[in-house]
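Shared between the two complexes below is subunit A, which has subunit B as its partner in the first and subunit C in the second.
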Partner chain A sequence: MSLNDRLRDVFVDALQLDGDVDVENLKYRDIDAWDSVGHMALVAAIEDEFDVQFETEQVIDMSSFKVAGDMLRGLGVGE
Partner chain B sequence: MSVFARPQAERETALLAELTELTAHHRERCEPYDRILSSLGTPTSFDSMADLPWLPVRMFKTHDLKSIPDDEVFKVLTSSGTTGAGASRIYLDKEAAAVQPRQLGATLREVLGGKRLPMLMVDTVGIIKNRRSFSARGAGVLGMANFGRNHVYALDENDRPDVDAVKGFLEKYGSEPFLVFGFTFMVWQYLYEVAREHSLDLSNGILIHSGGWKKLVDIAVDNAEFRRRFAADTGLTRIYNYYGMIEQIGTVFLEGPSGNSLYCPEFADVIIRDPDTWQEQPVGRPGVIEVISTLPRSYPGHVLLTEDLGVVHGIDDGDWPGKRFSVLGRLPRAEARGCSDTFSGAVA
Partner chain C sequence: MTPPHPTPHFETPLLPTSLLHPAARLRDAASGELLGGADLAGRVAGTAAEFTALPPGVVFLRVGLDLSSVLRYLGAFEAGRAVALLDPAQDRDVLDDLVARFRPAAVFGVAVDDVAPGYAAAGSDGWVRDSAEGVVPHRDLAVLLPTSGSTGNPKFVRLSRRALLANASAIADVLGIGPDEVAPTSLPLHYSYGMSVLNSHLLRGATVLLEGSGVVARPFWDAVTEYGATSLAGVPYHYEMLRRMRFDPAKYPTLRTLTQAGGKLRVELVAEFNDRITAVGGRMFVMYGQTEAAPRMATVPAGRLVEKLGSAGPALPGGSFSVRTEDGSEVVEPGVTGEVVYRGPNVMMGYAESEAELAAGDVVGGVLATGDLGYLDEDGYLFITGRLKRIGKVFGNRVSLDDLEELVKHLGAAAAVPAGDKVVVWLDQASRDGCRAAAKVLAEALHLHVTGFDVRPVDGFPLLPSGKIDYRSLEAQV
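The block that comes next holds the complex of A and B.
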């Protein structure tokens, strides 16, 4: 599975998204599920799935699906 | 880059220029603020930080003060203080909402580093379970969650100490550095007391706490005693109190490693004022705390007179450069009222 597909699954699982949400264009606080509580669960789920550890600054800056994907690429996760 | 590097004279030069610009920015965009300053005859340039015009913090409870158009309001923070008059309303646009966690992060990085540590939250797990209704306290706890990982809560859903959860956390993570966060009184009652009773070893912990001492002063625990007893009874010595308020969200004044003094990050400062003359007090003399920060751009909260008493202990002579100070408690209500009445009159 591609990085984007895996990340999309993590978002859907961690934030319990409905099928009609446009996950790849999602931004922090766009929807109720991605609030500060959802963010904690999401960060932990991404770390588990990709076996990475984000630093504090990255957690604060993870403001969209796209940013999260770019951070993973920056940490060496393959496409 | 550290936000605790510049000596006082250097930071004042930079801050004065930024705050002069910010004052003009808010006068242009926040009509009631401009009206207050005009009625006071406030000039547009200032010789020193102490000359900058301040607003009493309670004005955010009585007036809608914002420097952004209605359609750019992204988030409204509310908090009720301890002294009535309703809740403060703080308006943030997207940019302001993004800046404040970053600056809080830059400040706490000084003592936490960049890595997220396993984190013990001295609060109730109900905060994340009842996510639609969390309080200002809940918002504070969740704002800190970014700094840690594998969060464990020290209180159960019914606000009872969950000793097994704390023990489990320590068994798993207690042999390496870990992070503890909570409000001061909760930390004392639900972590210190529990740790002492169950002989828990907290010596690898780094504790960040805030929220005021009123309840602890009643049982004769001040900052020094808090530190002494945590060290003696639990082994916890890395303890950092901080002082901050929702009206300057993102700005915190952080206790230095040696304890008992709060320090200002470079984008902020404090001035202690004589409650009778409003002149700046010299080092060592208590007065009313004015908090200054360059963060508020979406509302005119860059220079605020608090309702707290404090004292500056020294300048450029502690763990970090700049002023170091303590908060001594709340201002008696009558004195605060005298001051904000003047301003209410100006706005009416």
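The block that comes next holds the complex of A and C.
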């Protein structure tokens, strides 16, 4: 699976998203499920799935699906 | 609830009559605007004047973490107008039910394109009731807060003006709040803890920094740095988040006070955050309260936190704890476990489930049976050990475990147990989809984040010899 596909699955699972949500264009607080509580569940799930650890700055800057993907690429996760 | 003693009279000398100290300031992080002194007093007086013109009844305020919400809240308080503070994200059907039951004089913070029946749009975000007929709320009543966790009809806790002022004053005393403090809004204002942070700071001439994006978002921390926030208030899940974020107070040189309430934080985390903040010369306060007490009842002095790890602290100045044992007697001897009873000037007037009850006076006489189980130590420090009823906490919000089971019974037999800041609901013979559906039902019914409900399939429940579900065994499996 590609990085984007894996990340999409993590988003759907961690935030319990419905099928009609446009995950790849999702931004923090666009939907009720991605509030501060959802954010920490999401960060934990991404860390588990990709075996990475985010720094404080990364946790508070992870404001969209796209940013999360770029961070993972920056941490050396392959496409 | 029947008070076991004659109604006590609480002396609260020198209590201010206004929440707004002349030096108090509001900083709006979004615009950078700083409002204080005569400007702030003038804006508050302006909103107070608007409230005076409304028909009789309570005012519903859907409060966000923004200037206009806070000015309205303060205006209502100054005008002596009872206000209910509501979640701005609350579903429309829940709001409609509350409007029908309480017939508010007005609702603010709502869309004007879809006004409730019997109301007319007012301004850009308000509804005003058409009828001039309405119940006049009791003159002592200042704020109504929804009780967390009731799954049926939400009810309001009735808080008097004196209770709010007494509690804000006692909190400011034990935390040492003065005009140099800058408190960011890390909690919503319709949540009693968030409201009390606002009240206790404004009362002592401090600054409240209005920022609504929350402790996991960049704008919050940018505002902390830019406007020199001095404290941070959090419930247990905030501290779990801060730990995961590897929060380092050295990066925020002005932020030197941490406060924690809203449920019991794991003692390891209390010790860890106390270490982090004391290492940079700061202080950590662990506190205990309930909305019914406006809300604070106890605070552990920062200097005794390590020695009293796991304690909720001694009662606030002006308050006292006792323990009600199974035979109904109340004791203050150390080491006796029973229901924690609090007495103080900050205890609610009672509950309200409908408009008529808004006119009622104090029905509890300053005595609050907390429903928590605990004991006092030899220094009068309270230790909470559990709940009388089966109650869990989801991100700081009280939920009845029996109610959760009832809500998902159409999906299967359920057994709910507390699990830290979440609840685990075991669902008999459930599929993965069934579990997800159940979590969604619970999240929607209680208006709490879906990740607070960990629904797991189980193949039959462990049973006690009596045939009842063995909840202890289920808790051990969490």
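Going forward, the second predicted complex is superposed on the first by the 79 of 79 C-alpha atoms of A that agree within 3 Å, B and C clash if a C-alpha of one lies under 4 Å from a C-alpha of the other, contacts with A are read in each partner's own complex, and residues count from 1 in each chain.
Criterion: contacts are C-beta pairs under 8 Å (C-beta built on N, C-alpha and C of every residue); 3 or more make two chains touch, one makes a residue touch a chain.
Everything numeric in this text was worked out from a predicted model, so none of it was measured.
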| item | value |
| --- | --- |
| Subunit B versus subunit C as contact partner of A:Glu55, first or second or both or neither | both |
| In the superposition, subunit B vs subunit C on subunit A residues touched | C |
| Subunit B versus subunit C as contact partner of A:Ser63, first or second or both or neither | both |
| Touching partner for A:Ala44 - first (subunit B), second (subunit C), both, neither | both |
| Touched partner set for A:Asp9, first subunit B, second subunit C, both or neither | neither |
| Touched partner set for A:Asp35, first subunit B, second subunit C, both or neither | both |
| Residues on subunit A lying within both footprints (that of subunit B and that of subunit C) | 35-37, 39-40, 44, 55-56, 59-61, 63 |
| In the complex with subunit B, residue positions of subunit A that touch it | 35-37, 39-40, 44, 47, 53-57, 59-61, 63 |
| Of all residues in subunit A, those that touch subunit C in their complex | 14-16, 28-29, 32-33, 35-41, 43-44, 55-56, 59-61, 63 |
| Residue ranges of subunit C in contact with subunit A within the complex | 89, 213-218, 220-221, 237, 240-241, 244-248, 251, 395, 436, 439-440, 449-452 |
| Subunit B residues touching subunit A - in the complex, by the definition given at the top | 98, 101-102, 105, 108-109, 112, 114-116, 128, 131, 139, 142-143, 145-147, 149-151 |
